[in-house]
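First the structure, then my questions, so here it is.
Labels A, B and C are assigned to the chains in the order they are written; within every chain, residues are numbered from 1.
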């Protein structure tokens, strides 16, 4: 479906009408430029990433340390964002929670795309029964709602950060595999691949040298879309209490804890909500801009 | 044989503290309006209404059970006296080992059959049959058998004098309410219960709602006002509270501090509150390394800060306690090991000296994934750290927690000692070596001896004194740490009248009525 | 026709795989329904007895075979925990979840179609950019937070809509719809963006087709071109998506039903997971898969009906 749209678009740009070409060129130029919609979110992401990666160096109180003097307090000296209902520093929890969210946000799509890539390559290159089996497995995987899979996995395997990343990553396999398969099908019958085969190159070598470089770009674009999705889904899991275990903070978890005091101390739930919202939004915007850029590069290369 | 009515009176303080402004009992039943429907939000679903298959009813299950089935006696939480319900009068033999009950005449079950002594005897004998594996059996095992003398007379034969009999016959959890013998035999009682109660069971959609409608043939039909009650099962506290505030439900039970505080300050809601027995506790597993070491248990006992948890997690909606007996008995400080980091460190040192270790091994604490479980773990972890004891938290869900506690697969766990009209049978089960309920591994000959004396005490005073002594010995060991006593909260919208304070946490809505004017 | 038969066969295999995977997963769940049933004061032997009673000690494959056999004769088993008939439990609640999903899709479509058409009309124009930003914003908000805020504002703040609950349609249409609005909206606010983007992309392509240029040349109004000539050919991908979204929506309803206290299949499932009620979990997941597969099959049919090329060519990804 995705390839259908892009091919029709490509057809459209090749149409020999002058005014349309002018529009296309203008569109192209505009989309090539990284505007404010790229730079502002990028700056925010850098700020968040730096804050989270270097969390131990900011002199913040530990995220699980209870300040018995300030319980559920609005911002005060020493707690710039106040404290939560257990008297823990909210800023520190959000920063440390961001480490969890960002780790999951990056690791899960890479795990999913990595596994999906392998399955998709096998299915698209070898066709036949391998294709059929992988297709059925992927259809089956798609037929169970993602959250149900996560629910069962988190109950079975418990709440370690590693397991959360892996089980979330599994959700991205079907789409990644389908994209890879479609692209592999497309390239596996091209002349340069056939030529390589004729020259006796091994399957692994053909996949690595000829096919892989051609399908890597749509997959990178796919990873960019998945990062914000992974962050949101991790939030939902934390919200249900099924993500990383206490007292490790995560954004969804802080929101769930703050929900109880939403009307008396709204800042506890609202600050992490805003941070999470802005971060996910920024990933979406930056991802979208890079994706367009990649699409251009790709089309130029072909 | 002397006839005693209302023999069970406790000299202690009143067990009920009404909130200023609730004034529920100021409205008399004469003002009650007939008709109307009530929606009650409860926290958990019922597993079933059958005594054996349904397991034990939680507080929320009892709220439903109360409307459908009735026990022999009624317990007045305000005066701590039992009152007649399905039994009208009772007497005990001189040695207090045979109790005879006269049953109310003309009472019918919802299916039209007569309520008689045969139903009572069949019900209790079924629980007491070890082959049935009823969860209620442990606690009423002092009853040897129940005999139907004639249709309206039933005898309870006890193994020894047992002061807890009357309170236990008044309980609305599983052993109390009497089902019809025929329905139990037909195995229909679990999902479509039949009883003698003021409301008839209509429908139960698991996990969603239970509906009951007025029983026009109820033996005290004129006391009943509502046409229909819907119990909505809303596990999420926030959802329950939002439903109450926006008027989708009329009555709500909760134990979460923030919600209680917020509801109390809401002028559009009526707050109900009562004191009770029981306690939320931490169990320290003395049956297994490393907590089999008495010094380490004591260190952890001193490292536990009940006051902080009561303040932060319960937000002072529950009292800090030193024993689970509730307001009926004041045991003083009962030898309780309070929060004291210095003492905790001393015991840690003693532990290290004794075992020759250089540091305390990591101790695993399991808690539920609920907010209350999480807060418990996080607070204990912090205070234990201050005393030099590393705690590792493992959040698990309720069923896993129960499994791990009963299979001895934990070091520390959150737990609850349920409120009972009489705490004796529970304390006995917790304290006796060999009991499946002895979860912390108490094995103290002195405690065993006092427990056995408590069980057969001839007066209530003596029984309660011995219970205090039991608690003192348990507290000294440090196996059970308290984290808030029994105090119960329920909230209603102002249009609901005639709901008494939630005795033992059970909201009794059977006599409620709706007054749209207010 | 042959294509549809091929699809049907494939769907049957998929269902088999789904149920088997679930059966394996559910059977390695920690925690044990036998403990849940035996209760607190039971010994290890009693738990073992219950396990034997339920047949839980027999090999997984055997139990799976039995379960499948049961499903074919309409016996989905009864809940271990409260003896409710699983098939009845699901069919009682499914209409509620279905209504919620249907409303969510209606709201999502009624947002996505005008927005998609408006942004496709002038790609990268002002309307397109505003709609694009709104779409990014609304997909960046987790649905649980949307739900909480909607309750906070519209139920507790203004008091316009109820915070929770469900009324059967027998209580009247409005009584039935009223408590469904906020939950459906919480779901729709995430779903509409995907539909909108797909429609937009397709429509941009369609608007560059020759026949549209012809219509323009004939002096047809933009409105007419967009809505009459461009919308139908642009909606194929969106329709495929509607089918794929069923799985996402089913997942989404789990959290939403929990927050809004709606008695749907999602809540049944969560409750079953917490109590380790294997047979109910198994039933729910099977039902979800069945619903998903059926929805996609219907979409395939609708697709074939809308786009004659598929009927003949059979080109499909």
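Throughout what follows, a contact is a pair of C-beta atoms (placed from the backbone, for glycine too) under 8 Å apart; a residue touches a chain by one contact, two chains touch by 3 or more.
All of these numbers come straight from a predicted model, not from anything done at the bench.
Novice: If I average the C-alpha coordinates per chain and also across every protein chain shown, which chain's average lies closest to the global one?
Specialist: If we average C-alpha coordinates per chain, C lands closest to the whole-structure average.
Novice: Count the C-beta contact pairs for A-B and for A-C, then tell me which is higher.
Specialist: When the contacts at A-B and A-C are counted, A-C has more.
Novice: Quick one: subunit B and subunit C, Cα centre-to-centre, how many Å?
Specialist: Centre-to-centre distance between subunit B and subunit C: 41 Å.
Novice: Report the inter-centroid distance (CA atoms only) between subunit A and subunit B in whole Å.
Specialist: Measuring from centre to centre gives 48 Å for this pair.
Novice: With chain centres taken as the means of their Cα atoms, state the distance from subunit A to subunit C in Å.
Specialist: Centre-to-centre distance between subunit A and subunit C: 22 Å.
Novice: Do you know which subunit B residues sit against two or more other chains?
Specialist: 238, 397
Novice: Where in subunit C do residues touch two or more of the other chains?
Specialist: Answer for subunit C, listing residues that touch two or more other chains: 30-31, 148, 156, 258.
Novice: What residues in subunit A touch two or more of the other chains?
Specialist: Within subunit A, residues 155, 259, 263 contact more than one other chain.
Novice: Which subunit A residues qualify as touching subunit B in the complex?
Specialist: Within the complex, subunit A touches subunit B at residues 64-66, 68, 71, 85-87, 155, 159, 241-242, 245-247, 256-257, 259-261, 263-264.
Novice: Sort out for me which residues of subunit C touch subunit B in the complex.
Specialist: On the subunit C side, the touching residues are 30-33, 35-44, 46, 79, 81-84, 89, 92-93, 148, 151, 155-156, 159, 162-165, 179, 258-261, 263, 267-268, 271, 274-276.
Novice: Can you list the residues on subunit A that touch subunit C in the complex?
Specialist: Interface residues on the subunit A side: 1, 3-5, 8-9, 12, 15, 20, 27, 30-31, 37, 135-137, 139-140, 142-148, 151-153, 155-156, 158, 178, 182, 228, 232, 235-236, 239-240, 252, 255, 259, 262-263, 269, 273, 276-277, 280-281, 284-285, 288.
Novice: Contact residues on subunit B for subunit C in the complex?
Specialist: Listed in rising order, the residues of subunit B that touch subunit C are 45-48, 53, 55-56, 133, 135, 137-138, 190-191, 205-209, 232, 234-236, 238-240, 242-243, 245-248, 396-400, 402-403, 406-407, 429, 436-437.
Novice: Within the complex, which stretch of subunit C touches subunit A?
Specialist: Of all residues in subunit C, those touching subunit A are 10-11, 13-15, 17-18, 21-22, 25-26, 28-31, 123-124, 133, 136-137, 139-145, 148, 152, 156, 201-202, 204-205, 208, 237, 240, 244, 247-248, 250-252, 254-255, 258, 269-270, 273, 281, 284-285, 288-289, 292-293, 317.
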